[in-house]
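The structure appears right after this line, and notes come after that.
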């Protein structure tokens, strides 16, 4: 396994000093995000909650695509499973919404792992089609009349139908919307930390080795089948928790909330943020939350065209996404500094 | 038994729609080794052009070649303008550009022609083929044209130098360049041809499903499924795949109790995934050896 | 322009001073002396974008109202957002309208799932959620949702009218049903079965289709094979046209009932083929703009003048543009009635206080009525049969009791 470390581009290099530029940036970002709801309107807080939720889902997709090199056009399906798990547990079983997150994550992990098994035989376009099929099929499963007593069929489930808002714990004097945002932020930070550790671990390095050169990875004794399915499961777990959070924030789930357009949107967020660069998720999520609104303001009738135009523009300017742009920028700065 | 036969015939007719689109999918795959998500919208756009020309009073026999020709040029230009500058970007960036094109075409069509459905006249006349027939004149004509395009396409790849060059350019760009093939030009040519075939498919499909900007949304999916099932490298496979999807979908919807009607699309897709797991290159496709 | 405006302000200010007193404790949001902000949410993109025409027409209608001096001197500021028919997006847009744009009310958001997503929110925030563009039955529940009101006749009521007609006139009916597998299709189906009561055994086949299906050919063939002699067609325009065309092609000639959603001559029957559409029965509440019998009706003439002047790119054969005009008129009526007390409470009170109001483009004999316990503005319909060029009304106005 020792040699495979070289593939993990610097993830496990020499010990760093405690205070690094990266850590300072993260800390400032965190403080800014915590402070944000106290200085803005409820609607903006809701948008930011949505942004964080998408970012978590994109991190999930990134684990699969960026780290392990497998395509998915169907992550909306895992998102939906997570959302429905929370909705059903809160509404039908009266479980506290916070406790539903681990369950939603676990169910999605198992679902993703199982889906990863047949996916082992498929790659490239074939995997894209299989996952796309999953995204298309999911809304139809959700409205299947035989399980309508659970899923509410086409009408969906209203979450918190009794109380309207998620309960703010410990009697904190917070607006429920602000609390939902902070809760999402804490979950998001935890998951981000988890994702980074996974990537830096043996598991993460094995996944990257498979992405970069499956034959070499196999010859070094990496169990390809295990790590590929594991990547699917972990990826689904993250995206499923994001879905669960969306059920809490939006307070409503229905088959129409999880059409294949959702999967496409997540993919766009991934690419714009940068494939393989975890913090890019925030940038990608910002793109998919704000740019459509911006496009709508420019032209109602042609909002789709404006959005498409922006998307093309972004890819022209940053073919590798925001992550690629940053890498190039940092590289240039280093060269400049080194030159002196 | 009667119902069974009827469902097969009707599945065959619907399969004809998928087969048409599957041919266009195979064409673009031969040129760029990708699936183009905007292909359905581009085909719909071509159909709108044909519809508009008809509405302006041009005769049918002039409109068809004109629409196909314009689509060819349009596809060629899209490749030159949109994809040439990012030739070296990663695959996923290309996929995002497909999505962007999808949004642009869809939105532009809605803006120009609005979203209400428009009837498109058929070249083969209205009504059933003969009294009591399940196939209409148009459906019969559509399937015949699909077969004709299939033969043309097969001959193109098999017998012409350009066809061969195009296959080489997509399969191994570096070697192709070394033997003097203009790889980049071949790609643009492939886009043009795929658009032209898409135009044919759109014009054939529109009289059955009615023309509107979202016309191809789900048909493209079935076309993908058909093409992948039959093998992305084989036009014949794609057409057969399209027919199989149409028939399987109908039979699943009719005969699987309880959930059949509600889940006919997922069941059809599930069967395709099963086939792919057993035979990943598709029914008639050749395994593409991946460079590692 | 300036003088007209200042005089308007003066008039409004005077009126406000006069009517101040009672409204002071109430919430007046989105209203100034010269304007009132109205929010709207529509699917301008995505698969349901055909309905976007409604939102557009409403905007043009308000433009006309403003050009004619506004409502009680106030200009309507109309803010319409796109939700692409995706419920999470609807929530975002509704919150944007209420919390950021601070509209007085949200008017005509479209679709059952999008409206379900904001149903609780609107009522918790006590913002009028008026005349939602869906025919689901749940919008008329003043006891639990006093801030939400529908507009069009609900789907169940309509389906019951067909069921009753079949029970009365077709004793040997064998009914085949094609329905869209979503909230709207199932609502019709439920109403229809309720209407048949203990005679649901008359239904010999009920087949669903998905919006993603390219065609409904397979279902039509199965329905024919089931031996049905009555066909209840619960489909949206594109599929309705496909179904009618296919049934005609394969020589299946049942008595056809077509849901009102797709009753438009211009955008459904014409594409399907007028010959294939002969004898189709539907229940209507709105005049069809392409129907020759209404061409000289004064309201139709007025509507066409409006379309020519304010919405020249709009489709004059589609029933959506007529719908947008009529529903816009209903809101203006409510605002006029509310006078200068445009608090949210009073707007809601006046919306529930429409007494037999004539709304343009509704069929003769059908009016809008509401009360504090009746949140179903339009409850009557008339059966009509297509004769190849136009619908012929038959029978009386049927005022169905909503559940």
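Just so it is clear, A, B and C label the chains in written order, and each chain counts residues from 1 on its own.
Going forward, a contact is a pair of C-beta atoms (placed from the backbone, for glycine too) under 8 Å apart; a residue touches a chain by one contact, two chains touch by 3 or more.
The structure displayed is predicted, hence computed values, not measured ones.
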Chain separated most widely from chain B, comparing mean CA positions: C
State the pair of chains with the top count of C-beta pairs in contact. A-B
How many angstrom between the C-alpha centroids of chain C and chain A? 38
For the pair chain B and chain C, the C-alpha centroid-to-centroid distance in angstrom is 37
Which integer distance in Å separates the CA centroid of chain A from that of chain B? 32
Give me the residues of chain A that touch two or more other chains. 136, 140, 143, 301, 303-304
Which positions in chain B touch two or more other chains at once? 106-107, 110, 221, 262, 265
Going by residue number, chain C touches two or more other chains at 45, 181, 210, 212
Could you please specify the touching residues of chain B with respect to chain C in the complex? 2-3, 6-7, 10-11, 13-14, 17-18, 106-107, 110, 114-119, 126-128, 131-132, 134, 136, 208-210, 212-214, 217-219, 221-222, 249-250, 253-254, 261-262, 264-265
Could you pull out which chain B residues touch chain A in their complex? 29, 34-35, 82, 85-86, 88-90, 92-93, 95-97, 99-104, 106-108, 110-111, 221, 224-225, 228, 232, 258-259, 262-263, 265-266, 269-270, 272-273, 276-277, 280, 290, 292
Partner chain B, residues of chain C touching it in the complex: 45, 47, 49-50, 52-53, 181, 207-208, 210, 212-215, 217-219, 221-222, 225, 237-238, 241-242, 249-251, 267-268, 270-271, 273, 315, 318
Residue numbers of chain C touching chain A in their complex, please. 44-46, 80-82, 84-88, 91-92, 95-96, 98-100, 112-114, 116-117, 119-121, 124, 181-183, 186, 210, 212
Name, in rising order, each residue of chain A that touches chain C in their complex. 41-44, 46-47, 50, 136, 140, 143, 153-156, 158, 161, 164, 246, 250-252, 254-257, 259, 261, 296, 300-301, 303-304
